[in-house]
Structure formats: structure tokens, C-alpha cells
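Here chain A shows up in two complexes: once beside chain B, once beside chain C.
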Partner chain A sequence: MIEKIKALKGQGKPVIGCFPLYPPLELFHSLGLNPVVLWRLKGEGGQTGESDRHLQNYTCSVARHMTEFLLSEESGAFLDGIFMYNACDTLRNMPEIIEGGLETAGRSVPFFNIHIPMVPPAQTDGDEYLKNEVNRLIEELEACFDRKFDSVAFQNSVAQFKRLRMLYLQAEAAVANGGIGFREFAGVFRKAAGMPVEQQQGILEPLLSQYAENSKNQDKAGIILSGILPPPDAMVEAMESSGLRIVGNDIAALHRSYADMPQPGAEPAAYYRDFYFNHYPCPTLLYSGDRRVQALLERCQQTGAKGVVFIGEKFCEYEYFEFPYLEKKLGGQGVQTLLLELAVDDEDHSAAHGARIEAFAEMLSTS
Partner chain B sequence: MSDPGQGADPEKERRKIKSVQKMKEIMTNYYIEAKGAADTGKKVAWITSGGPVEPLIAMDVIPVYPENHGAMIGASKMGVELCEKAEEMGYPRELCSYARSDIGCSITGGGPIGGLPEPDFLICCNNICGTVMKWYEVASRYYDVPLFILDTPFTHREFPPAAKQYVIDQIYEYIEFLERQCGRKMDYDRMQEVGRLSVEGLRLWQAVLDSGAHKPAPMTAFDAFFHLALIVTLRGTQEAVDYYRQLRDEMQERIEQGIGMVPNEKYRLLWDNLPVWYRTKWLSEKFAAHDACLVGDTYTSAWSGVLPYIDENNFLESMSVAYSQVYINVSLDIMIDTLRRMIDKYDVDGLVMHSNRSCKPYSLGQYDLQRMVMEELKIPTLVLEADMVDERSFSESQIETRIDAFMEILKS
Partner chain C sequence: MSEANKTDAGRHLSKIMQNAYMDLHTRAKEGAFVVWIAINVPAELFYGFENLVYAVPESHAAMNAGKGVGAVQCEKAERIGYSMDLCSYARIDIGCAADGGRDSPSFGLPKPNLLVSNNNNCSLLVKWFDVHHREMGVPHFIIDVPFCYGPQKEKDRNYIIRQFYDLIQTIEDLSGQRFDWDKARQALDYTNRGIVHWKRFLSHARHRPSGITAFDSFVQMAPFLIMRGTPEFEAHYKLLADETEQRVKAGDFPVPDERYRLFWDNIAPWHQLRDMSSNLADSGANIIGATYTSCIGTVEGSFDMYPYDGRDPMRYLARTQNCYICPHGMGLRRRAMRQAVETLGIDGIVFASNRSCKPYSVTQMDQQKFMSEHLGIPSVMVDVDHADVRKYSKESTFTRLEALLEMIDAKRAA
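Right after this comes the complex of A and B.
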């Protein structure tokens, strides 16, 4: 990621690091900023020594690695701004923790944040408040980076990201019918992550033009992967070698991020109202919890998946609160589930889940 | 505990807080009424500990607090058994132990009072955490009852007018929700009176806590943890006002009579975070053995800490700001101001922070607060790793060693 950020800096546009899940990328892009979602930072420095000075060990690995990344001289120094919004309890104090850490290191980066209304839209009309938050963000960005919001530029940015989302969905369809393996798909995602939207399109387009609709391995049991981040390759390999075929995903960094196509428009507040309130369900968008069962069942129907494998991110409370309910509801519809877990240093040991994956594959093959 | 054969230790008896018995009576009657609600036709609402209870009181709904229940579970050392029950259901150990123990209780009907009365509806305010929203979602599905969510934006620097209006709008939606659930309109005169009682109760509670500033302190934070229950559960009632007036008067008498809770109080400490409910007595005795008294804490102060935001003449709307500004819904920069004031007010020698695995909003950021306190205020600090209800996260030997080492620093 650090090399990508350096490359972005080389393009002359300010780089804004965004955390977590679903930041208003189109808005940043339209203002001539390079937004980088700070995902999957494991391995950037390996250790979490600096993060450990600020966060207890019962913090999820995503937050610990992100903190390490932002506070390290090597990587954090290349960001011109940091954006966060209210996605989980871990993030409540994170802006001040990062700011304090940077201050100690003699550095300073402007912080931006908004509060996404966490009320069910059917209960409370949060439109006006969200509109105010989005407009406040625009004003702060304009002042900080000496830019002026332009509705035409915004519409162009919306179109660019819509195109990217469609490409990802096409790639997913190719994964579902066996034309592209999930590992290859996840690899492309990793390669594209952190790049400008135009470059991401440039990576996905060749992939889609090359793949053949060949319906490979259709005899294998199809599964959907769910979780925060794509699992490590070793875990995917363990699944595939056990006779499972990953035909889709419900991963926050993947499907949940690009599944929805908000109504294009020139007005950011209206666009992000649609984006957040009608977002593909995710436990971090607290009001969307009740839609998750239906969304997962639809994913299974669309892809023919017989099971869902949840890759739990240790200490991610929002995800874990939903597993028992999802397990029960999906099981009631004949969809089998398996819960695996990844923690801060589990990346290299994920093959250890092999026995459970094999047992799950066997169960699916006989069901 | 005194030996009946030997007679009570008069010095110990003198130090006991007499209002304890009254508190037990009130809480017992409260739970009897709540559990008998089906017979009296009253509605029962489960509500989060930081949620605005006053509209419920005004609508004659019985508020029930799963978190208060969680504290009772912890104090009665039933946490592990009930948490394990939830874990068997698929809720892992990393989740909030209030939630786990309560979910375990819902399934088994176990716990210190045989489970909570079933809710007619749920009120969830995320000013204390987002976890409660997932927890209440679970409860809403389990009991198949409606859930009202009150979203209070976190304050990083300031609480802008748009945020205030957003919460005010929700407060009125909350009242409409209650009117639908109860089948009757809100009596706004009654609401205003409940608001007045709430403010009076909060002021009295703050006066009780302020007594800890006296040397020697007539009560400790461990006592405050116990006496907190009414300001949480019955805030806005005459009963709570009467009780805290009695308790405040008792503290005043103790001050006048020179009664300190810790004999030979030498070291004054401030506690941060929720209590370790199953070890309050052990911790109390451990610190007291070092002549150390926990004279204040950030947790029990959180309810009355919002008093400056409340306008009695415009209670409903001003409480939208107050409920949004509770101690853990504001940034570290604002929290450190509170800590500075408390350290100054109570004239403390050290800060004890409970790094509570169950409560990320309270705990993540403590390391930074700790550094600020040590560097700016030159106050020694101690971080204890534990959990509020789940005893499996409490290592007695490690904590004992850390407390001893900390006290040595204070004594040196």
C-alpha cells in the first residue's frame, strides 16, 4: 500500500486516507483528491509496536494495523488528510488517538469525519442531518485543500465509480460461473486497492476480457464467503482443495462495498442518502442488520451456493453478534454455515483451519 | 463480616453506610413491581443505561436495565456460568459480558433474580456504545418486540446545532413511539415534573459523589458503584430524590463526625471505567490495606456529569444535548478535561484505570489518557486488565502484584 500511496503522491494530487468500509469516495475524487481506503494493511510493517502503545490487544487487527500504518513515519507521512466516520465502537476515539500519536511524532495531518445516522430510515428521517454532515465535509475539504465543489465534476466521479462497481460485479459473475477463480479475483482486488478509480478500471477490464465462460468445476459445492476482508490465499486454497468452490462473497471490502448502485445525481447529499440508507447490508451500518438474512439468501440463490463460510475478524463485535441469528435463519432455509476466525497474527496460520473446512466440504457434498 | 459470637466490631459498624438497607429495599420493590407488571397492566421497557428514561417514567412505563442486571450478575459472581450459556449459543467470549450474561439469562431464566421481566418494547441509545444496538437487536428478535433507536452523534470537537436538532427530532419521535406503544398521549406537564425530579436527583447524586472530596472521604468509589443503581433505574422519580437526599445527608453527617470509609486514609485514588463487579470487595480491601481510598470515579460521575447541559425550563430539548455529551460519547480531548477537573476536585494521588475487555468505547483510548495524565499532571497511573462481569479475565495474582507495585510508587 505504501508504494501505491507514494505513486499517488507523485501524481500531484493530495492523498486522503479513508477508514473504514464505505467512505464518500466520489466526493473526494470530484474535489481532485486521491482517496485511498485503508484496507488490508497487514504486512505493511508486520508488527504493531506503535499501535500497541495506543490500543489494547483486544482491538481488532484491522484497527491495529491501520493505526500502525498511520503512525509509522514510512507510510503515514504520505497522507495529506485522514477521513473517518462512525462505523464501530473501536473507531470512536480513533481520530484523537491517531492525532495524538502524530503530534507526539511531530507530525500533523488534517482529520475529517462525519456521522452517518445509525437509525433505521423507516423510524427516523435522518436526511436533513446527513445533508448537513455532507455539506460540512465539503466545506472543510474546500477550505483545507483550496478546492471548490463542482457538481459536474461530482457527476463525472459518480459515473467513474459506478463503472468500477459494475466491473467488480461482472468479475463476481465470472467467479460464480467458474470463469475466474476466487483467488485470482481477490488478487486483482488487492492489486487494484489503493489505486485511483481509473486505474482500477484498467486492471479489471483486461481480466474480464480474458476470461472464458467455461463453467469449470461446476460439480463442486459452491459457497459464499462472508466477513470483513478477503481471507488469506492459504485459507482459500484450503477451501478449494477440499472440494469447495467459492461462487460469491459477502465481504465488506468486496461485495458489500460495490453491490449497490446509488442513483446518480449532481447533489452529494441526495446521492449519499441513497448510498448509506439503501446500502447493501453490513453490520456496521446498524440499521441494515435486519436485511442481511434476505441478502445472503439471495446471494445463495443467485450463485447456487449451498453454504456460507463466515470469516470472523476477532473482536469485531458487530459481525459476531449477527452470526448466531444468520446461522439459524440460513440453516432454516437449507444453507449450511461455517464460522472461521482470523486474529491479528493469524494470517500465516490460516491453513490450520483445514480440518474444519474439510469437514464442512464433506457435509456439503453429501447434503 | 463480623462474628456474631464475638459481637460486631464497633469501629466497623460506625463506618458502615446506613442508607444501604434502604437502597436494597427500594431495588427489591422495584424488581418486584417490574416482574409483576403483567398483573398490574403496566408496560415494561428495556432501556440502555445511558438512555433517556424520563419519558418512560412520565408515561408510567417501568424501565428495566439489562446493564444494571448485568452488574447484579457480576456482583453475585454468576457471570461466567451465564456468559458460557451465551457462548454455547454462538456469542463468543470477545463480546460484551453484560450482553452475554443477559442473553444467557434470557434463555435460562437464571441469574440473581431469576431473569428480567420480559419487555413490551426496547429503547436503545447509542451514547454509550454501538454494541448495545446489536445486543438490543438480538433481544428484539428473541422477544419479538419493537425497538426504538436513539442515535446520538459522537462529539469530536463540538456538538453542532445540526446534531442537536437531529437528536431533538428523535426525542419527539421517541415520545410518539411511546404513545403508540402505550395507547395514550404524553402528558407534557407530567413530563416537565419528571424532568425536574431528574435534575434534582442528579444534583443530589453529584452532591453525594462530591463528598468524596472531603478528607477523609466518607465513602469510596466502591460505595458509589452500589449506590448508583437508583440514579440509573429510577431517575426522574420522587423515590430517587428522597433516597439521594437521605444519602447526601448521611455523607454530611459522616463528614461532620470525621468518619472516613478507609481507616487511616493516606492515598487518594481516582477510578476509571466500569467496576470489576465480582471483585469490588476484594479490590476495596486490597487498596484499603495500603491505606488507599478510591475517592472518585469517572463511571458513576457520568450521569450527573451532564448537568451543565440541562435546562430545567426546557428539559426535553436540552436533554438531547445532555444525553449526547455523556463521558464516553466525547473525544479524548474532552475526556481529559473531565479527568483534570476530577483529579483537582478530589485531590488525588493516583489514577487507576480498569482496561475492560467488555467495553471498547471506555477502554480504547485509556493508554493515551494515561500518558496525558502522567505527563501533564505528573500523577502516577495504574492500568488493570480485567472485565466487568466475566471472571475468567481476572488474574488475581497479576493484579495483586500490580497494585502492590503501584502503591510502592505512591509511597516512595
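Right after this comes the complex of A and C.
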């Protein structure tokens, strides 16, 4: 990620780091900023020494690696701003921890923050509140970066991100019918993450043009992966070599991020109203809870998946509160489930899950 | 503690708590509209309805833990798939509900007609109540309170107020009852007057030796959680404050040979109150205050009382939504803790790092550093879980507490 951010800096546009996963990317892009979603930062040195001075070891790996990334001289120093919206109980405390850590290091970065209404739209009208938050963010960005919001530029940015989301959905469809392996797909996603939207399109388009609809491996049992992060390659390899075919995903960094197709428009508040309130369900968007079970069941039906593998991010309470009920409902529809847990250091040892994955594959093949 | 050893307020607490749970079950059985709420949902509003009772799963979970059945209830939730890493209050509540209230000192809680959660103390409460929403098929109202890094903003207050109005409308629609503003105002008056007495009770910690222990205050919080808005609430805290005042005047102190005045940061370790209290007292140490109990009736960034002015109840209730420690940021927490440390003459701080409550715990490492570097206050971090005794090590905790007392001694000797 750091090399990508350095490259972005070289383009002369301010770089704004964003967390968690669903920031208003189109808005930043339209203002001539390079937004980078700060997620899945493991691997940027791998250690959490700096983070460990601020966070207990029972915070999730996302928070720990992100803190490490932002406070390290090597990586955090290249950001011109940091944006966050409300997500979980851990992340909401991050701004002050990061600001304090930067201050100790003699650095500072402007922080931007908005609150996404978490009320179900049918219960309370959060439109006006969200509109004010979006407009306030625009004003703060304009003042900080000496930019002026332009509705035509915004519409162009909206179109660019819509195109990107469609490409991801096409690639995902190619994964579902066996034309592209999930590992390859996830690899492309990793490569594209952090790049400007135009470059991301440039990575996905050749992949899709090379792919031939060959419907490979249709005899293998289809599964859907669910979680907040894609599983490590070794785990995917274990699944694919066990006779499983990944036909879809319900991963926050993947499908939940690009499945949404908000109505294009020139007015940011209206656009983000649609974006957030009709967003593909995610446990972090509290108002989407009622739609979540149904969405996952529908994905299983659409893809013919016989199983769902939950990639549990240890200490992500949002996800863990939902697993038992999801397992029960999926089981009621004849969909088998497997829960694998990954902690901050587990990614390098994920092959240890191999035996459970093999057993799960055997169960699906005989069911 | 046996009844004979209890104070008058202690005995009165047992009685009113027992009555409250009995009344809850009785009225629910007789057809009252039952609401389950997160602890800081504005309960006073419910008194605007003629026939409504509310239950507080968090408080019920704390009671289970305090009575020694927290781990039993947690295991029930774990057996149906809930991770041991989840909040122990949630596991107790889910486990207890799944088992029909068995093993609970109050026989569980009556089935709700409505669930009202919020995300100010913790967002996971919404996920927790979603579990009941899905399993029981009961409507779930979510109050969204924006987290604040500075004093609560007007835009956020207005947004919260709008939700309170929607809550009233929702209850009217579901229960068929009409809301009465005068009754809600009266309830808020009871709460306000009760909190005045609560603050009076806590103020006896300023005395040397302290007139109270934080452990007393933890136990005495219960009416705040389940009886706000009632005359019994006001009467109980008046009794508590008056009795404490008399004890101080009479020279009757919980730790007479108090040599170490300590401050606690986090939720109470419900399963260890008596043990921890008596062991510390043996060393001449008293935890005399806590962020957990000091924040009641305040606004974010201060432990001073924020009184109800008798005017718009919605504004007051909305204004106090960020007062609990978790719904506001580290800078505000720091300001309030600093004020308490200076006011109470604190010698050392116990940061209870609580795996079951990440929102309370996640800033503690920076807080500890600040208190040490800027105020010169010795402190330790101990690992606790507020309700799951399986995640607590007495030996480890007391080794650290002893180290804290040694640090205080060393500082005094320097």
C-alpha cells in the first residue's frame, strides 16, 4: 500500500486515507483528491509494535494494522488527510489515538469525520441529518484543500465508480462460473486497492477480456465466503484443492463494497442517501440488519451455493453476533456453514485450517 | 454480605430491587406493554404511558454476575454458538433468554413487546438486541446517538430529540396507549432529585478517610438502571446519602486506616466486588471513586451534575445522552478523570482493561500514559471481565494492585 500511496503523491493530488469500508469516494475524487481505503493493511511490515503501545491485544487486526500504518513514519507520513465515518466501537476511538500518536511524533494530519445515521429509514427520517453531514464535509474539504465542489465533476466521478463496481461484479460473475479462480480475483482486488479509480478499471478490464466463459469445475460444490476481509491465499488454496468452488462472496471489502449501485446524480446528499440507506447489507450499517439474512439467503439461491464459509475476524463483534442466527437460517435452507477464525497473527498460519476445510468439503460432496 | 451486616440503604436496596423485579413480572403478566431497553435509553419517557414496564438486560446481566451465575448463563449462549469473545452481559442475557430465565435470580425477564437499543454506550448493543428481535420476532427501535469528541453539538441533539419523538409515536402505535407529557415531566423530576442525592452520596469520597467505597457505589447504581423516574428512586438515594452523611459525621468509615486512595476506570467487576473490596481494605487501600459511577447525571467531559431545569424534557434527555464514558472521546474522558483525581486527592488509578467492553477500554493505554506523564499519578492496568469470572485471575490482579501500592509508596518516599 505504501508504494501505491507514494505513487499517488507523485501525481500531485492530495491523498486522503479513509476508513472504514464505505466512504464517499466519489466526492473525494470529484474534488481532485486521491482517496485510499485503509483496510487490510497487514503486510505493510507485518508488525504491530507501534499499535501495541496504544491498543490492547483484544482489538481486531484491522484496527491494529491500521494504527500501525498511520503512525509509522514510513507510511502515515504520505497522507494529506484522514477521513472516517462511524462504524464500530473500536474504530470510533481511533481518531484521537492516531492524532495523539502523530502529535507525539511531531506530525499532524487533518481529520474529517461524518456521522452516518444508523436509524432504519422506516423508523426515523435521517435524510436531513445526512444531508447536513455531507454538506459540512464538502465545506471542510473545500477549505482544507482549496477546492471548489463542482457538480459536473461529481457526476463524472459517480460514473467512474459505477463503472468500477460493474467491472467487479462482472469479475465476480466470472468467478462464479469458473472462468476466474477466486484467488486470482482476490489478487486483482489487492493489486487494485489503493489505486485511483481509473487505474483500477485498467486492471480489471484486461482480466475480463481474457476470461472465457468455460464454466469449469461445475461439478465441484459451490460455496460463498462471508466476512469482513478476504481470506488469505493459503486458505483459498486449501478450499479450492479440497474440491470446493467459490461461487460468490459476502465479504465487506469485496461484494458488500461494490454490490451497491446508487442512482447517479449531481447532488451529493441525494446520491449518498441512496448509497448508504440502500447499501448492500453489512453488520456495520446497523439499519441494514433486517435485510442481511435475506440478502445472504438470496445469494446462496442465486449462485447455487451449498455452503457458506464465515471468515471470522477475531474480536469483530458485529460479525460474531450474527453468525449463530445466520447459521441457523442457512441450515434451515439446507445450506451448510463453516466458521473459521483469523486473529492478528493467524494469516501466516492459515493452513492449519486445512483439516476443517477438507472435512467441510467432504460433507458438502456427500450432502 | 448478610442482611445483618448491611447498612439501612443496603437493606432498602435489596428490598426495592426485589420488589421491582416482582412488579415487572406481575405487571407484564397482567398485560402491561413490556419494553426491553439499553441502560441509557431515556426511561423517564415510559412513565408517560399508563401501562408500560421496562426491563434492562444489562442490569439483569450484572445482577446474574453479582449473584455468581454469570458464567453459567454465558456458557448457555456459547453452547448455541455465541463466541466467548463477545460481551459477557450479552452472553448472559442471550443465554438466559434462550433457557427461559432459568438460573436467574429474578427468573429472567418477561417477554418484550418492543426492544429499544442504542449505540451510544456501544454499537454492539444494537447487534445484541437484533438477536432477540430475530429470535422472538419483536420490533426493534434503534436510537442513534452520534459519538462526540467535543461537547455535544446542537445538530446532534436535535437529531436525538427527533428520534425520541419517533419512539413515543412507535409505542403509541404498538401499545394503543397515549403519551402523557405531564407524567413524563414528573418522572424526570424524580430522576433529577434522585441524582442530586446520588451526587451527595458520592461527594463523601472527598472526606479523608473516604466515607464510601466505589464498591458501594457500584452496587447502589442498580436503581439508576431500572427505577429511574419513580418516587422510590428519589427516596432510596435520599436514604443512601443521608445515612452516609451520618456515618461520616459519626466517624464510621469503610476503610478507617485509609492509606491509599484509588480510582477505578471501567465497569465494575461484578463477580469480585466483595473479595476485591475486603482485600484492598486489608492493605489500607480504598477505591473511592470510579468513572463508571461518577458520570451519572452529567454531560460529557465533566463529573459535575447537569441538573434538569424543569423545561423541555426532550432537550434535557437528549443533552445527557453522551454523558456515559463510552459515548465520548478520549479528550473528554481525560478532562473528567483529571477533575476527579484532583478533587478526590487520588493516589493511584486502576485501569481495568475489560475484554468484554472494548468501547470503555480501547483508549485506556493512552489515558494511563497521560495520567502518569502529565499528572504524575501512578497507575496499573489489570485484566478483568465485568461479568465472566472465567476471564479473571485474582492472583494476577492482586499482584498488579500490590505493585500499584508500592509505586505510591515509592512516590511518597521520593
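Worth a mention:
In this text, the second predicted complex is superposed on the first by the 367 of 367 C-alpha atoms of A that agree within 3 Å, B and C clash if a C-alpha of one lies under 4 Å from a C-alpha of the other, contacts with A are read in each partner's own complex, and residues count from 1 in each chain.
Here, a residue touches a chain if its C-beta (ideal position, glycine included) is under 8 Å from a C-beta of that chain, and two chains touch if they have at least 3 such contacts.
These numbers were taken from a predicted model, which means no experiment stands behind them.
Superposition model on chain A: chain B and chain C are shown in a clashing arrangement.
Looking at the shared chain after the overlay, A:V293 reaches chain C, while chain B stays out of its contact range. Of the two partner chains, neither chain B nor chain C is touched by A:N177.
Of the two partner chains, neither chain B nor chain C is touched by A:S365.
Of the two partner chains placed by the overlay, neither chain B nor chain C lies in contact with A:Q199. Shared interface residues of chain A, touching chain B in one complex and chain C in the other, are 53-56, 58-59, 86, 88-90, 92-93, 95-97, 100, 113, 115, 117-120, 123-126, 129, 132, 283, 286-287, 289, 312, 314-315, 317-318, 320-325, 327. The touching residues of chain B, when paired with chain A in their complex, are 89-92, 94-96, 99, 126, 129-131, 133-135, 137-138, 141, 148-151, 153-154, 156, 160, 162-163, 165-166, 169-170, 173, 177, 328-329, 331-333, 355, 357, 360-361, 363-368, 385. Of all residues in chain C, only 80-83, 85-87, 90, 119, 122-124, 126-128, 130-131, 133-135, 141-144, 146-147, 149, 155-156, 159, 162-163, 166, 170, 326, 329-331, 353, 355, 358-359, 361-366 touch chain A in the complex they form.
If you check the complex, the residues on chain A that touch chain B are 53-56, 58-59, 86, 88-90, 92-97, 100-101, 111, 113, 115, 117-120, 123-126, 128-129, 132-133, 136, 283, 286-287, 289-290, 312, 314-315, 317-318, 320-325, 327, 339.
By the touch criterion stated above, chain A contacts chain C in their complex at residues 53-56, 58-59, 86-90, 92-93, 95-97, 100, 113, 115, 117-120, 123-126, 129, 132, 283, 286-287, 289, 293, 312, 314-315, 317-318, 320-325, 327.
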